[in-house]
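In the part that follows, the structures are each spelled out as structure tokens.
Two complexes come next, and they have one chain in common, chain A, joined by chain B in the first and chain C in the second.
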Partner chain A sequence: MGEDLTLFLQYAFNGIAMGAVYAMIAAGITLVYGLSRIIHFAVGELVMFGAFVALMVWEGTGSFSLAIATAIPVLAFIGLITERVVFRFTLREPLTGFIVSLGLILVFQGTAVEIWTANPKYSQPPLQGAWELFDITVRKQSVLNLAIAAVVLAVCYYVLRKTTAGKSVRAVSDDPEASALMGIPVKKVIMATFIVGSALAGIAGCIIMTIGFITPYIGAVYLLRGFAVALIGGLGNIQGAALAGIGLGIAESLAAGYVGPGWTDAYVFGTAVLILLWRPTGLAGGAEGARI
Partner chain B sequence: MKTKQLLLNTVVAALLAAPVAGALAQGKTGIVKIGVNETLSGKFVFVGVPPTTAIRLAVHEVNEKGFKVGDTTYKFEPIILDNRSEGSVMVANATKLIEDEKVKVIFGPTLSLLANQSQEITVPANVINISAAGSWQGLGYLTDPKKPLLFGTQPRLDSLAKIEVDAIKQLGAKKITYMGADDDTTKGNMGPFMAEAKRAGIDVTLITFPYNTADFSSFVSRAKADKLEAVFLLHPQQSGPNLMRAMAEMGAMPKGFAGRAIAPDAALKLAIGKPVPFPFIAAQATPDMDYPPNAAVKAFADKLAGTGVDLGVTKNFAFYTYDFVPMLAQAMTKAGTVTDTAKIAAAFQTIVYQGAAGKVCFDKEMRTAIYDGAQTIVRNGKVTAKTFPSTCK
Partner chain C sequence: MSSGSRSRLRRAAPYGGVLLLGLIAFLLPQVSPTSFVLSLATTALIYAIAAAGLGFLWGQSGQLSLAHAAVFGIGAYTAAVCAKQLGLSFAASLPISAGVGLVAGALVALPSLRTSGHYFVILTFAVSEVISVVEMRWESLTGGVNGVTTLPGAQTLFGLRLAGRADYYSIVVIFAVVVFLVLCLLMRSRWGILLRSMRENPDLSTSLGINVPINRVIVFALSGAIAALAGQLYLYHVKSIAPEAFMSNLSIVFLLVVLLGGKSYLLGPAAGAIIYVFLPEYIGLSPVRSQIAFGVILVVMILTAPDGVLSLIGRLRERLRGPRTEAGA
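Up next, the complex of A and B:
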């Protein structure tokens, strides 16, 4: 394999590993938006909370599985509370929900600073080292992260497409009033999506904890990328989120390697704008097209 | 009865008069407000907390005895404002400090990006502004005769570059990458390093990355593809462990890692949980507190630890303010004023102070500090320190 091709594939793999995380965050955003029409801007802070919870358990027990197993219910509980205490009252006015979510960012950040301080926290990933495959260096933790994301997204897809609960979610997404007339408990379904969306953010946080340092302020980075992915994939479309996440990750990585790293954000978000100008509902059809 | 009343009145009068008499005996006292405009929250919190903690400590120590200006004994009152790492808040803070609090001296921001904006407010207001921002040197503010009230507390970048390039020479690397976040701090600091590296015959490739980069795989892949032998990381210091982890796992830049003001813990345990498998050299404008080269630095490190504040991997930034508080007091004493900033600044520039960071003074050509520089070297898990003594006389 030529050096140029090897390097290209190296960048592509690096990008896929990171893109899978973006896809998971976007899946949570897209689920919540699909049902509630609320743009939940505090999702980055949920990722941050997930990362800190996982870090505490990982450092305390040395078990990464337990860290994930703890972060999921903790974040799911936070999702439940925010839905019951805050977002349930904004369902009729999604714009209000969006504004409230901005306030939640400050609440979550302030809470995290109080609990964990503002200094960066580091952890060792459960898998260290790398494999050399056809001259491509594949970091072991990246493979694990990719596997976790793939399994989680596949489960989400399966549940939404193949189960009764998933059908209820899709029905509410398509027409909440008709769903209610059919006996689907719309409010409970919406509550469930907040729980699942938050849990997805929590799992993403677990992965991020293994990639880099974490601080109470990392949320904004992942929020921006999560939303870019959700928009490119089509708001309300989980498959689109998965594809767009991978695409964004690869684009970022290629930009870092070829275009000039300082321009990565401009390059990536510029591409997002062009895609949305071309297809306003996203690549895979969004809120006004195919949903969830 | 009358005698008893008279006695009581006398005692009360004596009690009331005692403090006044004491004050007259001790001389007049006064308060000098000094502003602190730092990043105490937000994404650059790690830059602002160590220097602010050091200011609190130094002010406490200066105030124990106070300082004389004429026949008045003064104490400092720090007005500490958090700019939340945001330019707009920093501007509001600077305005509040100058217009409402009437301060004549402002410490910070340390972050170049914000310090560049700060001086646009402090210079026209004739307020002394003290910051470690490297960009003030790079942009020529500290040699600009129109900005005589700006003082840098980071040594000259060209002298720092000598310590940094010396680190690269020790690594034995001829082709390296200079890495930093894509921002004003990197742009303002890289020039002297590049020039010094060129003089040393070292080929340097610049790689910048978005500030919040978590995964360095792609940047390290690029360096590996270009067959670069080592890396010099300018900032953010908190990225050091992640970058080293990627280097270690991907087998890139095998001759090692050098960086500015990065705590040795980054190489000893934070990167991969054990010492990294390549040499690490932190080139610092100041001595290192984790591996103090002398008793003064050790004492300062202990005092800082006693504050209970978690200073993280940038704890050495505390040197950027600590010695300059007593130096400011001495300058006010020497100038005979606490309000005439031109006179205070002129005096400040002449002070030579035996501080925690060695002998501290200001450069004659540039209003920036000179003090002991250092390298902290980690090889095979063993830490050694090398000091570059101050040239202050």
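Up next, the complex of A and C:
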């Protein structure tokens, strides 16, 4: 029994570490959707950009904190530019915003290939080594990644729930027109969510850089996981995203461990489709009229 | 000319237009362009067929699908399996791949019975990723990441050799003309009106006794069958296919092709496909740079001319002619 349990816990731990990353991506998706009603499909490419920026800085300077500290402003800037230049003009017609984001996928992917070539890149994780806890191998890097994700999500939650800025974000999400009448700068708030959402994708990219190979084409993988999590958690629902993220991470890790890695994606996405058919607005509640 | 015959003429005009363009396309090999140009033209026509199915779905019924590349891939793989494992000819496997595409399209549409809008589009994307995984992993059927190769050998269709560059181009022209004629017929049928009413107001359509969900599934199935047909044409064009050819990027490309030409125009996808395939070649862009360029074009188009280049022609004509007067009516 002991060995089975150990194996299970090992898979579960790996899953939680990965799931925290999905939760971060999903939190960004949910924020952007909650306020602008735009399905921002280029978010996978933002993750990919974050990963490449972090990899460059990490290999150049040997400092992982500096890598994160660079990736956040770079991605925040991309978020700002995309909102100012294109998404701002699509707020009345969210479907247009969605198609714009599809165009951005092509642009970002191509740009990444031009800058970093299409060859897979790999770097040694910044933190080497692992602890042994009850026969489970706990990689130090995984713990660091988990800690980063937990802190970032907690900060998001705190800002949204406890600060005036967060209150105005929630107000705009509930009723943009009434918020504007109350003197909330609605356009600025929406711009801020694009910045924060992109930065969240960037941080997720930094973590993904420490886990394995990256190529300019990894976007679709994280896009779909991010959206699966955001949808199952209920679009517009951050706590739901955190829970669903961890859940997806664990489910994926168990499927890979017990059934074999090749078909993981099919199981995971298949399950996501079934869950959404059963509960179209997600398991944790939340709805088209999203709650943040 | 009496008004009756004029309106009859007006009604027949689109069919004549399709036939005329088809004839011009058919004569292209006679002016003997290089086999490179013919190969590009074949690709453009195949994209036009696939995108025409998507354009019908989107323009008429207002539904967007990101699973179209996957269904296109299913058509190509079905044709490959028919040829390699069942030893069927091109003509014999055509109804099979179109039929599988029909079923696949209907399956993709099934979630629309429960969800709509954003959720549904994301679901079509998820379904297309699942299909990609299956293509990648079901190695006995699909050859895995290496894909499959099919050579047409000495087969002929309509007396044309499948293996000949110019002959195969002519075959694809014939299919394109048939597909566009059928879509034209459907667009102008009562069913076309029904689809457009569903697009404009699903609730009102339901209250008029239209079974909206069933019609959604049917139009999806139809466009799936067209995409799969294009997939088989694609297989016999490029001979060798692998899963990465049918990833989500191709779905975005189909969308771009529809949008470039104009989603409410019958020939919009054809115009879009010609631009998409020939433009980078003429400017001499590398595939990566043209991907960036088309991404930018997609963004600019949807923001400035969401009805496509064909609408620009109309706008231009209106400007030259000045505002429309009552006299013509």
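Side notes on the structure shown:
Keep in mind that, in the parts below, the second predicted complex is superposed on the first by the 286 of 292 C-alpha atoms of A that agree within 3 Å, B and C clash if a C-alpha of one lies under 4 Å from a C-alpha of the other, contacts with A are read in each partner's own complex, and residues count from 1 in each chain.
Throughout what follows, a residue touches a chain if its C-beta (ideal position, glycine included) is under 8 Å from a C-beta of that chain, and two chains touch if they have at least 3 such contacts.
In this text, all values refer to a predicted model and were calculated from it rather than measured experimentally.
Taken together through their common chain A, the two structures put chain B and chain C in a clash. Once the two complexes are laid over each other on the shared chain, residue contacts for A:Ser198 go to neither chain B nor chain C. Once the two complexes are overlaid on the shared chain, A:Ile39 sits against chain C while remaining clear of chain B.
Once the two complexes are laid over each other on the shared chain, residue contacts for A:Thr30 go to neither chain B nor chain C.
Contacts of A:Ala228 after superposition: chain C is touched, whereas chain B is not reached. When the two structures are aligned on the shared chain, A:Val100 is found in touch with chain C, with no touch to chain B.
Look at A:Phe89: by the touch rule set out above, it reaches chain C but stays clear of chain B.
Contacts of A:Val113 after superposition: both chain B and chain C are touched. Contact with neither chain B nor chain C is seen for A:Ser168 once the two complexes are overlaid on the shared chain.
Using the contact criterion defined above for the overlaid structures, shared-chain residue A:Ala256 touches chain B, although it does not reach chain C. None of the stretches 3-11, 57-65, 93-101 or 237-245 of chain B clash with chain C in the superposition except 93-101. 113, 262-263, 265 are the residues of chain A that lie in the contact sets of both chain B and chain C, per the superposition on chain A. Against chain C, the residues of chain A that register as touching in their complex are 33, 39, 41, 86, 89-90, 94-96, 98-100, 102-111, 113-114, 220, 224, 227-228, 231, 235, 262-263, 265-266, 269-270, 272-273, 276-277, 280, 288. Across the interface of their complex, chain B is touched by residues 3, 7, 10-11, 14-15, 17-18, 113, 117-120, 122, 124, 128-130, 137, 139-140, 142, 208, 211-213, 215, 217-218, 221, 252-253, 256-257, 260-265 of chain A. Those residues of chain B lying in contact with chain A across their complex are 41-43, 45-46, 49, 182, 207-210, 212-215, 217-219, 221-222, 224-225, 238-239, 241-242, 246, 249-251, 270, 272-273, 310-313. The part of chain C that touches chain A in the complex is made up of residues 64, 111, 114-115, 117-119, 121-123, 125-127, 129-130, 133-134, 136-137, 247-249, 252, 255-256, 259, 288-289, 291-292, 294-299, 302-303, 306.
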